[in-house]
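Same chain, two partners: chain A is paired with chain B first, then with chain C.
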Partner chain A sequence: MNDVVTAVLIVVGGAFMLLAGVGIVRMPDLFMRMQAATKAATLGAGCMLMAVAVHFGELTVVTRALLVTAFVFLTAPVAAHMIARAAYSVGTPLWKGTIADEFRCENDRVGQSAGETSTAQRANPAAREK
Partner chain B sequence: MRMFLWNLLLALAWTVSTGQFTVANLLVGLVLGYFILLFAGRAIGYSSYFSKVPQVVAFALFYFGQLILANLRVAYDVVTPTHYMQPGVIAIPLDAHTDAEITLLANLITLTPGTLALDLSADRSVLYVHAMYINNCDVEEARRQIKEGLERRVLELLR
Partner chain C sequence: MNLDDITLLEGAVMLGLVMTGLAMFLAFFRLVRGPSLPDRVVALDLIGIIAVGVIAAYDILTEQPVLLDAATVVALVAFLGTVAFARYVERRQQDE
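Then we have the complex of A and B:
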């Protein structure tokens, strides 16, 4: 029974990691690459650590696996957020299919020529609450 | 918080008295301790801890479900040749005020595939989120989903 659970968790975790890798190649802009890479990889790492915990089942291993999972889940989003924020503030272009950019409308970015943003990207600021 | 420590103490007492120091047994002890404290509430006074625990469990289940669903949606987009996403940066007016609330909310938003917290406005009233799936270009709907779905629950949990 435990073997089956371990095997399923490892396969699922590996699949998510693979998807994260493929996602980095396939996604069109940096922000979506960050999305594909961080979340799926986090979940994959979580699955693998759970597999370790189930397989060994000893208190020392389980507590460490849980602790590592907790730290991965706490730190991965922070790293993703910082990279995306830095990329945005140095003017990394968004994908052409991007339908709204309410951030840019409110804080005109430095070094961003007006011709670069299409009208579709400039969402109507009046639609904002507050 | 004090109630939680009592609960932990009861769980430890349970593991020591049963002599099986395993994670499963500790969990059993935690559940038993929770109900003991609940029944003892008449004597030692009720605390918000009793209503918080089911809320935390419910939120964890809800969030985990969302995590899996969102991951599968992104995964589907990654493996199929066409791009279905309609990404955009949306501004979310915050009801969360303290550092802890905003941090937790931003972290949870970033952890969900398809949404990525980009920046917080200088006056801490607006959170900018990069969302991958804004259905039918309906920015208002995407905004409402994050606000009603995630922020409301997080605030319920912390307040």
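Then we have the complex of A and C:
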């Protein structure tokens, strides 16, 4: 029974990691790649560490597996947020099909609609202040 | 090793290792390809997280729970590296 649960968790975790790998290659711009990589890979790592916990079933191993899982779940969003903010401030281009850029509007606070701001100003990164 | 000798668990772990290895290859492709520095940082972060998964699968295959400590360290280094790179990217922009 334990073996079956472990096997399922390992395969599901591996599948999520593979999805993250496909996502980071196939997605069109940095921010989409990042969401594919961060979320899917975090869930995959969580599944695989849970598989370790189920397989060994000892207190010390389960504790360490839970510790690593909690650590990955806490740090992955923080790291992704930091890269996203840094990449945005550097002016990494968005995908050309992007229709809304809410972060941009929040910084401007000039009351333009989301669609107009993003396509017009994003097309010309040099026009952005700062 | 004869194919008939492989148990369900071993087969699942090997399948998991193949999938994580493929994912690591794809992440490495993005690391080489770029095109920008943040793309590479994201790929490096992904490689770190995948390495944690590989270590977990290898743990089960070899029955060695001690390797979980290595997984902790890899997760820690991946996080710190990502944060440092993010700050570097931002700082480099300000200096120009």
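Operating definition for what follows: the second predicted complex is superposed on the first by the 105 of 130 C-alpha atoms of A that agree within 3 Å, B and C clash if a C-alpha of one lies under 4 Å from a C-alpha of the other, contacts with A are read in each partner's own complex, and residues count from 1 in each chain.
Please note the rule applied: a contact is a pair of C-beta atoms (placed from the backbone, for glycine too) under 8 Å apart; a residue touches a chain by one contact, two chains touch by 3 or more.
Values in this document were obtained by computation on a predicted structure and should not be read as measured data.
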Classify the contacts of A:A51 with the two partner chains as first (chain B alone), second (chain C alone), both, or neither.
-> second
Just chain B (first), just chain C (second), both, or neither: which does A:M82 touch?
-> second
Once the shared chain is lined up, is A:L59 touching chain B (first), chain C (second), both, or neither of them?
-> first
Contacts of A:D101 with chain B and chain C, given as first, second, both or neither | first
Look at A:M34 in the shared chain and tell me whether it touches chain B only, chain C only, both, or neither; answer first, second, both or neither.
-> both
For A:V4, is the partner it touches chain B (first), chain C (second), both, or none of the two (neither)?
-> second
Just which bits of chain A does chain B share with chain C as contact spots?
-> 22, 34, 38, 42, 76, 78, 80, 85, 89
Parts of chain C lying in touch with chain A, wherever the complex brings them together | 7-9, 11-13, 15-20, 22-27, 29-30, 36, 38-39, 41-43, 45-46, 49-50, 52-53, 56-57, 59-60, 65, 68-69, 71-72, 75-76, 78-79, 82-83, 85-87, 89-90, 92-93
Within their complex, chain A touches chain B through residues 16, 19, 22-23, 26-29, 31-32, 34-36, 38-40, 42-43, 57, 59, 62-63, 73-74, 76-78, 80-81, 84-85, 88-89, 94-95, 97-104, 106, 123, 127-130
Contact residues on chain A for chain C in the complex?
-> 3-4, 6-8, 10-11, 13-15, 17-18, 20-22, 24-25, 30, 33-34, 37-38, 41-42, 44-45, 48-49, 51-52, 55-56, 58, 60-61, 64-65, 67-68, 71-72, 75-76, 78-80, 82-83, 85-87, 89-90, 92
Please name which positions on chain B make contact with chain A in the complex.
-> 21-23, 67, 70-71, 74-75, 78-79, 83, 85-91, 93, 106-107, 110-119, 121, 125-126, 128, 130, 132, 134, 137, 139-140
